[in-house]
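So the structure is just underneath, and the comments pick up after that.
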Amino acid sequence: MRLKFPLMAIVLEIAMIVLFALFVEYEMDQTTPQQVNITTSTDMGKFLELYPLFQDVHVMIFVGFGFLMTFLKKYGFSSVGINLLIAALGLQWGTVVQGILHSQGQKITIGIKNMINADFSTATVLISFGAVLGKTSPTQMLIMTIIEIAVFAGNEYLVGEIFKASDIGASMTIHAFGAYFGLAVAGILYRSALRRGHKNEESTYYSDLFAMIGTLFLWMFWPSFNSAIAEPGDKQSRAIVNTYFSLVACVVTAFAFSSLVERRGKLNMPLFTTKLGIHDTCGVHNLHGLPGVVGGLAGIAAVALGASNTSVAMQAAALCSSIGTAVVGGLITGT
Amino acid sequence: MRLKFPLMAIVLEIAMIVLFALFVEYEMDQTTPQQVNITTSTDMGKFLELYPLFQDVHVMIFVGFGFLMTFLKKYGFSSVGINLLIAALGLQWGTVVQGILHSQGQKITIGIKNMINADFSTATVLISFGAVLGKTSPTQMLIMTIIEIAVFAGNEYLVGEIFKASDIGASMTIHAFGAYFGLAVAGILYRSALRRGHKNEESTYYSDLFAMIGTLFLWMFWPSFNSAIAEPGDKQSRAIVNTYFSLVACVVTAFAFSSLVERRGKLNMPLFTTKLGIHDTCGVHNLHGLPGVVGGLAGIAAVALGASNTSVAMQAAALCSSIGTAVVGGLITGT
Amino acid sequence: MRLKFPLMAIVLEIAMIVLFALFVEYEMDQTTPQQVNITTSTDMGKFLELYPLFQDVHVMIFVGFGFLMTFLKKYGFSSVGINLLIAALGLQWGTVVQGILHSQGQKITIGIKNMINADFSTATVLISFGAVLGKTSPTQMLIMTIIEIAVFAGNEYLVGEIFKASDIGASMTIHAFGAYFGLAVAGILYRSALRRGHKNEESTYYSDLFAMIGTLFLWMFWPSFNSAIAEPGDKQSRAIVNTYFSLVACVVTAFAFSSLVERRGKLNMPLFTTKLGIHDTCGVHNLHGLPGVVGGLAGIAAVALGASNTSVAMQAAALCSSIGTAVVGGLITGT
């Protein structure tokens, strides 16, 4: 029984190495020397240019998501550790699956964009992890990582390549997908004994401070997340500016509504546990699911209005999103 | 009563959105297509080039200042939270006020430099926050943020544009200004009952470690802070090199003097509480006020000496600054 | 007696300032104006291009190494503090010693590469610090910093310039050197009373979480460490890609073997204390010494096999390295 986890982990890692040996190449490997050189010089310039954005996303994945979940007083250490394990496996698997789908029979050439996309695919599992934290074993998490990233890559290929839908900020393919996948798994694992919460579902003063480290790094580097794979130049800097101002507008309104909803008027990090018969440890429904859906709708609205100044539209959308989330969350919590 | 904070926060956020809609444009909006395109291609290259420096400053504002103030055992969580609130509001307000002053009647075009400058304006309030931490309500902090940033932007415009004074490291406009503004507010809020300190003004082992996270991120990214808006090329890299070597020289001398002043010869983070009849929670007088003034004087001295090698001058200045701060701080503490 | 540390620190800092005044110049100082300008424009472009990688390495040195050693419940705060002191002194001394060796009688011109190399020289002392943590005074650490960096710079000059050996990842000159230097010092300081461990050699729940902050920042930014001074373009991005995939492969196998070795099958951060008659507080033998030697051997093997795809070779090497470390560590611990 205690051999199950190490054996599965080693078998999966050997499988990854075999897959890399079969399918993966450097961006540099020259099959047609003269032609490739041109692409190369541009791509290599881009490598170091996008590398700081990649590292921001990387910090979000490992420090951001890792410490976000330390608020549970008994699961702090294991949440950071399992977050690291999931992400490390997911990065390799995401590189392979996404690469196979997008390379159309050719070898996968690894560059900075693949590395950023691999981080994105991992983000999906880490969002879902928030819904099942403390209810799953490391072995179950390995299986969930393999399945969810395969489904995510397929879904993202469908949305982006077949339907040609634009979803740069990935509000649908990453946030909504990750949140509802996690809630589905939590629904399956649901035991009625958890209806009134679990005694370990508590936070302490210091665990909250550790969670703030995660929250802040996720929050600060979100502009990098939303812009890392955008078209260079104009669109990329707009993605940065828009995300930046949406985030700050969100903070002010979130504090306002948190204080309004909270009985004693105190400031609290809003974390409304939904009671839909599904036990959602980290509140991913409110954190990623609803804003993901609202983000999608806001995008449609912004395009419909032909918004010349999307920054303002985004700030307004963020305001609405916060209000919507707070009201829905508040209503659900109230009952 | 408990509606005061949420209502004020929402009203301020709506005001920000209205101000953005009225005054703010993207750096890209083409009024005179052919002319702007040239500026644009250069500016966009600069956007991604300066973006890592912006993110360093951003980490200083949210993680640096946020965790710096967690050393107070009872205010750790709320200091991180209110730091986030102040900065999020301040960023928007700073963008608008600084933009209006510098754009001379035109629309404000948002680029990476505006975002860095908005972070700077926020830094002023966060320095002042150090002097009043634990003595003010969130509502009072919202008011202080609005007033102080308006005064800061006016003062900086006066110093930089009217007096044409060079103050790249911002030792006067940010550090000295922020420190003495905060002390002035603390002086107004001062209650004689606080003369002997407050029982909550204590730190614990873990709260000190959290404060070290803030301290280190502030310390490491200071070269980015001092160079982010410097002229590209020569001057920018000199600002980085000078700040870097000044900082390391400061650490060695600070440890030496801390050990000398401390009774039992132990190493301690120096935090001398001034007793000028003003209760200065975070010791901003010594952290920002004195070094700000000394930094200004050192700058004058360096220019006067026609220093060809300012790096050495800065290391020497840092040494003097530490000695000065320690001696003055020690004398004040001694009485 | 209590004057020993402050006096030594101040004397060392004054010595550094004198050495800088005598030997150091800006990269910009124009001796032959027209010729230098060309170099300058390229070098200055590189300054800002490599600056994000430098900051990643800087975070590894101060947050990474600093918090890595907070797991000891009684030495958390002093380990972060002394880490800061050592690094601040070491950076200045490393700049001077490396500069003198490489500049061949000319003045040392300070650029971004010198700053990165100074961080590297400091890493050596911080690795050694892990072996003697809690057994040395700050004064002893100042002396060790001065001696070890001088020996390191000499050794690195010998390996790189005289023997012309390629060691970009620095598995030998930094990791193996730092580990065995530290163990040698620990061997000298060894007292037989420590044979059964020390009562302060314990960790607590929160100290482990703080140590995870250090571990994660070291782990995430390792690609920057390995690539920062590589040749630009092709080689630099390969160094990033290889380190990245080696690191994720390492995590999965490390978790697997940790769970296998651990009695109750639980996941633990592996830290096998060697029992060679030397008391190795932080397990640097396993963390840096063995992997450093294995990394060297793996490099030789990879070159021998003419590996066209070193990424796979590195993943495989990482797998072997983990297995080797776990098996050797396990055997030693078992006895």
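As written, the chains take the letters A, B and C, and residue 1 is the first residue of each chain.
Here is the rule we go by: a contact is a pair of C-beta atoms (placed from the backbone, for glycine too) under 8 Å apart; a residue touches a chain by one contact, two chains touch by 3 or more.
For each chain, UniProt lists the protein as follows: A, B, C = Ammonium transporter Rh type A.
Quick caveat: nothing in here was measured; it's all calculated off a predicted structure.
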(request) State the superposition rotation angle between the two copies chain A and chain C, fitting on C-alpha atoms only and giving a multiple of 5 degrees from 0 to 180. (result) 120
(request) With over half of the numbers shared counting as same, classify the chain B/chain C interface as same or different. (result) different
(message) Suppose each chain is reduced to the average of its Cα coordinates; what separation in Å results between chain B and chain C?
(response) 32
(message) Can you pull out the residues of chain B that are in contact with at least two other chains?
(response) 52, 206, 213
(message) Help me check something: in the complex, which residues belonging to chain C touch chain B?
(response) 1-3, 5-7, 9-10, 12-14, 16-17, 20-21, 24-29, 40-41, 44, 47-48, 51-52, 55, 58-59, 62-63, 66-67, 70, 76-78, 80-82, 84-85, 87-89, 91-92, 110-112, 115, 138, 206, 210, 213
(request) Report the residues of chain C in contact with chain A in the complex, numbered from low to high. (result) 49, 52-53, 56, 205-206, 208-209, 212-213, 216-217, 219-221, 224, 232-234, 236-238, 240-241, 244-245, 247-249, 251-253, 255-257, 259-260, 264-265, 267, 269, 308-309, 311-312, 315-316, 319
